[in-house]
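In the two complexes that follow, chain A is the common piece, with chain B as its partner first and chain C second.
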Partner chain A sequence: MQRFLKLLLAAGLAAPLVASPVFAHAFLDHAVPGVGLTVSGPVRELRLWYTQGVVTAFSAVSVASSTGGTIPASRPVNDPSDQQIVIVRLGRALGPGTYTVTWRALSVDTHTTTGTFHFTVT
Partner chain B sequence: MTMFQYLVLVQDVAQDVAQDSMGQMDQASGQALWMTWWPLISARWIHFASVFVLFGSSFFWFYMPRDHSLTHPGQLTKTLAATTIMLRVAAPVAAISGVAWMALVLINMTSNFHSVVNPEDLRLFFFETPFGTVSIIRLALFATAVVLAFLPWHGRVWYSALLHLGAVLLISQAWLGHASEGGAGLYGVIMITVYATHVLAAGAWAGGLPPLLSGLVEQRHFAPNEARICTVDILSRFSAMAMLAVTLIVVTGIANAGFRVAGSFEVLFDTEYGNVLFAKIAIVAVMLTLAYFNRFVFMPRLRSAALKGMPAITWLGRSVTFELALGLLVVFVAAVLGITPPPQ
Partner chain C sequence: MSHKASLACAGAIAAAATLAGISPALSHTIVGNRVFPATLDIDDPGVNDEFAVPTFAYLANPDNSNEYDFNFDYAKTITADLGFSIGNTFTHLTDTVKPDGTIGTLNGWHNIETQLKYQLYVNPEHEFIVSTAVSVEWGHTGDVGAGFADPFTSITAKGYVGKGFGDVEADWAKPIAVTGEIDYTWSTHPIDVTGVDQFGNVLISQTPTVLTYGATLQYSLLYMNSFVHEVPEFFRQLVPDIECVFSTPVSNIGPSVPGSIPGTHETTGTWGPGLYYFGRLGPVVFQLGAVAQIPINHASGRHPGVVAVLDFLLDDMFPDSIGKPLFGPRQARGNTGY
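Now for the complex of A and B:
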């Protein structure tokens, strides 16, 4: 019995350590175009990598130009192979200029987070 | 594009954003969460407690000695009747509080109180989110539990049905909170299994306390020697179950906390999540101390007691009452913990 209890305790302690870490709530890990970066060429879609799975039905991503005009875009969708990746296809290719991305993400644990970042197209 | 997404975009574009941010708790959702905090906590607390009763109080009659079991109620007829009434109350309470919890989760998701009557938001919630499927299953379970509760007969099958309904309701909570963040792989399965084991063990222990207390009270009216023998008998059975349950609660509790902090337990200190978790641990520690005294101090005294003058039975009753009150408190803290963001 004591041996069983020790094994049980060891399993309980080890379980969170042997697996890859996940985070409660979805925060932005990185994006393409990159956060604060300058990219060349037209940009036709945004890809956002989050620290946790995102439920796109109640999530939103908007893109605005430096003049404040909203860039038409598709509703956010998950990458079919990874729920932590959100894809937004833009209504038109982005020309040179600085753009602001504002996002709101509902994570799979029912909590919401928001964030914003810029990128520049040359 | 849905109306919800359009409104969020319009609001976002109107904001003057100056700095890059990798994310923060949603302010709008935070305000909604603040306004719905007490209702949400209350709904979760009442729901957890009522489902614990559905599961644990039904389960109680399956590990009792044969003389007091469902097939042979023996002398604990009043306790059996009280348990039946308690289950008949717990089922509709679990259903109402469960629906309220679901509605408040939707309000927090959309930051909009009207979303609970908005057909588009309801369609998105039930059919385009991972919470939808489990919510539909839970609604069906609530309806089944309420129908079952008001059936005229209440035999062994009735108790077994409520026990299983309670168990599935407890397990399904995993998909409405932090335990669902592991994804669909092996890691996710382990997280759900650990959570399910934790709540089932907690439900068996805390949910078994009301019929145990009722049984102790009922036996005080028996002849002294009969009361002593029956109390020792019932308490031995409950203790055996509780010791296994407590072991599982502690082990899965450590694992659950580890999952929330990705194995870095030190981040629990000086955080809101850590404070709530330590409060829960402290209350459980007091409950364990009481359980230890019941099992290893009062019960041996009762075994060797003379026919007259058995204050141990009185002390046992008080101790179990206090344990039950602490059980309600720890369920409250668990309700708070579930909506507190774990440290990153």
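Now for the complex of A and C:
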């Protein structure tokens, strides 16, 4: 039993060394500005890292202010070096306030996922 | 019924209570934005393509033996909502009473178990799923002589439910999910005549029908990271939970036998915290998981044990070959727009 627990502990400690984000469908891994985080402004661009490559031609990202007004933004595009990164350039710099990002991502294996998160600019 | 028959009956009940525990026909499930891990005390509510090699369990049995189980299970989708699985368990028992009456070690295979599972209702928007399954433990396919397998077939009807709370307003509640399973197991040979004693009494062995039920309460850091608040990299791949599973004989139980463990009418079960880690190593996508087995009473074990699994997620590793359904399209597991 003790030997098993040691093995389990070793596996748990080794896991973060060998593993990267998972799942063959596009879940949001992290973003800049970060999910639920507070950042210093101004913010001119969104970067979304997904767990799988995203087909931006069939994906969408929108940003709304706390009053519900939509912030003008470019169509989402992939980072040229990484299809798992989606970039959206904003039509204006975001000032202080809380913003809502709503995204839809079509993964390269044709699964669609959607999500919403908030971030705050100070 | 003779005393000997009663003891045989009690033994059968004890075996049934142990073997009727929910077996790990593993498959993780994705409903909308919710990932339900392949939990260990109960099965998750969906179908998928996975290979578990092995699920390991350590249990301190109430008869002072120590049990080490190694379960192997392969799950395959037939259609997007219909899945088949086949599995078996090898058990290593130490400090146990052997058939010749001595104390020692026993090894053996349980009966082969197959299962057909169907997703009755899937609501991605509300992360809600209801499924049902029928599993068969095929008699005489394991080591009957060593006592690990029954010489008869048992059938189990199963029901599953899963619900994620990503649709509630409160951010703190969005990572929460619950799953549940209820099973009803009956034998194809509920009463066996095992012989006649020196007084001419017929010796019988009764195999009770058993109700098995369990639940999990999950707090998904995967979900929190994507939709509520970013968490550090290692933690965003974790799903901690609390799990429990119980078995209660409900009919064909036979008379009580004083001193028998577990008692003929006794509910057995375990509960404990669990932790699941999703990772990828090159092309290999896997789930590591472990859950404590804290017995609810002496009949369920002498002290806490543990179950652990290494599960290969074939649908994520081979989405265009062995990881997709045999017939029809793949599962539309995500939301379809906003």
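Brief remarks follow.
Quick note on the criterion: the second predicted complex is superposed on the first by the 100 of 122 C-alpha atoms of A that agree within 3 Å, B and C clash if a C-alpha of one lies under 4 Å from a C-alpha of the other, contacts with A are read in each partner's own complex, and residues count from 1 in each chain.
Quick note on the criterion: a residue touches a chain if its C-beta (ideal position, glycine included) is under 8 Å from a C-beta of that chain, and two chains touch if they have at least 3 such contacts.
As the structure is a prediction and not an experimental result, all values here were calculated from the model.
Taking chain A as the reference, the larger set of touched residues comes from B, when chain B and chain C are compared. Contacts of A:Gly34 after superposition on the shared chain: chain C is touched, whereas chain B is not.
In the superposition on chain A, contact of A:Gly53 is made with chain B only, not with chain C. Looking at the shared chain after the overlay, A:Arg104 reaches both chain B and chain C.
Once chain A of one complex is fitted onto chain A of the other, the partner contacts of A:Thr112 extend to both chain B and chain C. When the two complexes are laid over each other on chain A, chain A has residues 5, 8, 11-12, 15-16, 19-25, 27-29, 35-36, 102, 104, 109-117 in contact with both chain B and chain C.
Touching chain C in their complex are the following residues of chain A: 1, 4-5, 8, 11-12, 15-16, 18-25, 27-31, 34-37, 102, 104, 109-117. Looking at the complex, you find that chain C touches chain A at residues 30, 33, 35, 56, 58, 66, 171, 222, 225-230, 233-234, 236-237, 277-281, 285, 288, 290, 306, 308, 315-317, 319, 330, 332-338.
Contacts from chain A toward chain B in the complex involve residues 5, 8-9, 11-13, 15-17, 19-29, 35-36, 52-53, 55, 57-58, 60, 62, 64, 68, 70, 75-76, 83, 100, 102, 104-118.
Interface of chain B with chain A (complex): residues 1-2, 4-5, 8-9, 12-13, 15, 17, 19-29, 105, 108-111, 124-125, 128-131, 176-178, 180-183, 186-187, 190, 194, 247-248, 250-252, 254-255, 257-263, 341-342, 344.
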